[in-house]
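Every chain is named by a letter (A, B, C and D) in the order it is written, and numbering of its residues begins at 1.
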């Protein structure tokens, strides 16, 4: 999961993302097509969810001279041969194209700042058109990165806030990231926003589902604490897991210590999940993910 | 958590293990007493469960020439000054004395063999008077270590099997270790056995409490799998956690792969927990542990 | 790196391992050929050492009904199309075929026993025709696994010992594993043995090249100690690294503690390296490796 | 290594840091003295470098009502009883007192920003009176935290630059941190600066001592890359190691990938080292450290 982030090297590089029911001949069909078109495969990763009759996933990065000029031709060929001919789903992505990501935050800065900082360094292939928060606290930090900050209070009227969110996001973003945003999104919002939503949960799911995981981790006396980045679904804390990690804890740690240690895990887990999503590496497979 | 296992170096070394309600002056009283008696403190670890009015735990290793000869005198002084004077619980252990540990197993060999092998190497300060199993399969392996293997089938009559267990263990052991023993012990057994019981659970508790954790981990799509060593209480999978660890998993892992990877974590987590228990490092603090 | 070890599932499965100078069309040619032959690709991993003009490596697992009967036909097609047509090196391996592995040991048991135990569990796809040692100490352990143990003392006459090694190994093995074998093999032996040799070095190479790494780790005050599995070349401790790992150390650890902690890392690192080699996942790329 | 960072809780708390030749009775003397003075020991950690005749280190945190008013009395008692009476070195630190830390940086922002961000969150008990850099690039970032940024170019005249550094630091700081400062400090500077200097080296020392460690890690084909925080001495990359960590690498990682992954390890390793130093947990023991 490396080696593909540098900007200038990505000219004339594309990603072809294919998924669908597993069947013989998909790798050959995809790689044959790319070769026929005059492309050169730079990286190919594939997976099957099951040995017999499961789902199939493939991510292929290829170099094709004059890709921009020939894009329609390539897309047509994929549509005809891979989608039509094999019944697979396929998506062609220009490797130099950055995902547009809206970040939602509340008062905690650690996940938000890590994402913005990695975006600025060019580590995550995204642009951030705006940051939305239900508190004004992090405005200066965000604006310091030259990124618009919109304060949308969520008081008694959650529906009104969500309507405002949808208005702000409409057509502007490819992904929403909840960077310790302390509000639950409604099923209606998730349906209407029309793009994937990634959340960071401050525990090693499915342990400590729900509120106050660090408090409960302390009470249960666990020796590791963790964090989980997952796609958001209507079932709270039950969406497909993208990435998880843990850090060692001990009896010496107070709840505040666990929260502080956890913050370090949260930010790195979320940053990895967003990085991989923006590289088109993450496939949903039922309620789990395949990361290629 | 190191530096104290070598046999010959432990002559004339003792461990004084103290716990009770936290109050001022305990460290001074204990260390003052050891100094008065002519001992030299080799290692001292202590912890409080809370800044104000919690529980206090201290483990002190000290060197005292001619310890064996003076043992009663030392024990009396501790009883008088630490137990009587300060109202603490105190236990004096000869550092050269090995705990007697009965191991229960079923058909899986990984945890059992790792414990026996570490015992043979001298890494765990224990002797193993016997291994009890509800299946005969591991008999040859155990006898290969020169250790008695007793097959106690647990068919329809669990009470009879537990009665046999109690008869075999009576007065012979200081600890029981369940090394992937696939039977639930009754509350009655736990009460009557009279020594601590350590179990290895094949998940990162409290995730996947109960049966088939690897199957459920696969279904949930977690990216790490783990294992948990804990003291056994009547509440299944709810006892105080001694040690936990995890290993990375991915979509490529089948349930069988998770089970195999998990076996590696299980054996190392259980071996660490037993090692620490045998070094008198583990204190129960309500439903969690302090490992000093 | 999973999902392919179960025995019965591997009937009619083969691995095609391809390497050579990178050029366009290799993935398409290999996958096209397998599809033409009526095979179904189960897993495909590939890598290039460089974006432009480097080396290319591909490991493809495929299912082909009646593979045994059609093996020659398949091998011929590969020879003609991949080797002849594309100028690549190619190797076809029956996935059910186990590598024959000779293990060399001295007095330390931890790496040896872990390999034998994993072989017995079916975790490593190998048979062990014999264990060779320059000391008799581990004979009983090895014979307990039903494996021949040959004691070849290496006194003053190393050349004689190596001649005996070559006589014992001649035509019998596909791999030699040095499981903490405390003798340096001559360049002449390495040349004549004709199969790869894997060694476990008890440090995180290139730190502490040479003798007594744990002593030197203690002196340098490192906070992590490690182990390195690598292919043996004439340049001691300089061969291509297959796998490495580390464990945390502290001022509390004596040299003996480091040695004990290190043993845990050594055995797991070596077992992983041997497992991957036996699954044909490891490619040499100059003085480093590609593990697919 | 936790539980002691919260500000308000530290009123009337002090740390007593003792080191010297090991001898019987030190723990008793220190804890007895604190008890006599009416203090209550909150945490006590100690270590000996050797079982017989080595160095001894102890860090004791205690609560003493009206500490500020009684500070001279306490300091006098320590001087008389611990320094005079036992010949140990001793240092009394008010737990609420923050170390004054100057950070040196060049163009890389990751270590610098992580330190400033943790300082702002209150995770590191330090103030940062100034940041000094040989490049102007990071000025805006630093000033955004409300911290003075001083650009001291190091062109041909290193002696002049170091004179300017000494002038800026004189009496203002308790610690200097080199946060990827790409200049070697002269022995003369180290002697005259009069406070400890912590550096982050971008490799797992002693592997890849010197320049370009990521390039050399790629060439050597290591499977883990790391970082090392150490006190700076005149012998480059040879000073006492405070903390180290690693992250997994593979053949897929380019040198740029290693550099990016390494940046994550560098910032967390340096932040931990500075946190522990500021908590008075780190003792030099010859050319290694004891972290209590």
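The rule we apply is simple: contacts are C-beta pairs under 8 Å (C-beta built on N, C-alpha and C of every residue); 3 or more make two chains touch, one makes a residue touch a chain.
All figures in this text were calculated on a predicted structure; none of them were measured in a lab.
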So which chain is the furthest away from chain A, centre to centre on CA atoms?
B
By C-beta contact count, B-C versus A-C, the higher one is A-C
What is the distance, in whole Å, between the centres of chain B and chain C, each centre taken as the mean of its C-alpha atoms?
36
At least two partner chains per residue is the criterion; list those residues in chain A.
47, 250, 252
So, in the complex, the side of chain B touching chain D is made of residues 9, 24-29, 31-32, 34-35, 39-48, 51
Chain B touches which residues of chain C in the complex?
1-3, 5-6, 109-110, 113, 117, 121, 123, 144, 250, 252-254, 256-257, 260-261, 264, 268
In the complex of these two chains, what residues of chain B are touching chain A?
47, 49, 204-208, 219-224, 226, 240-246, 250-252, 285, 287-291
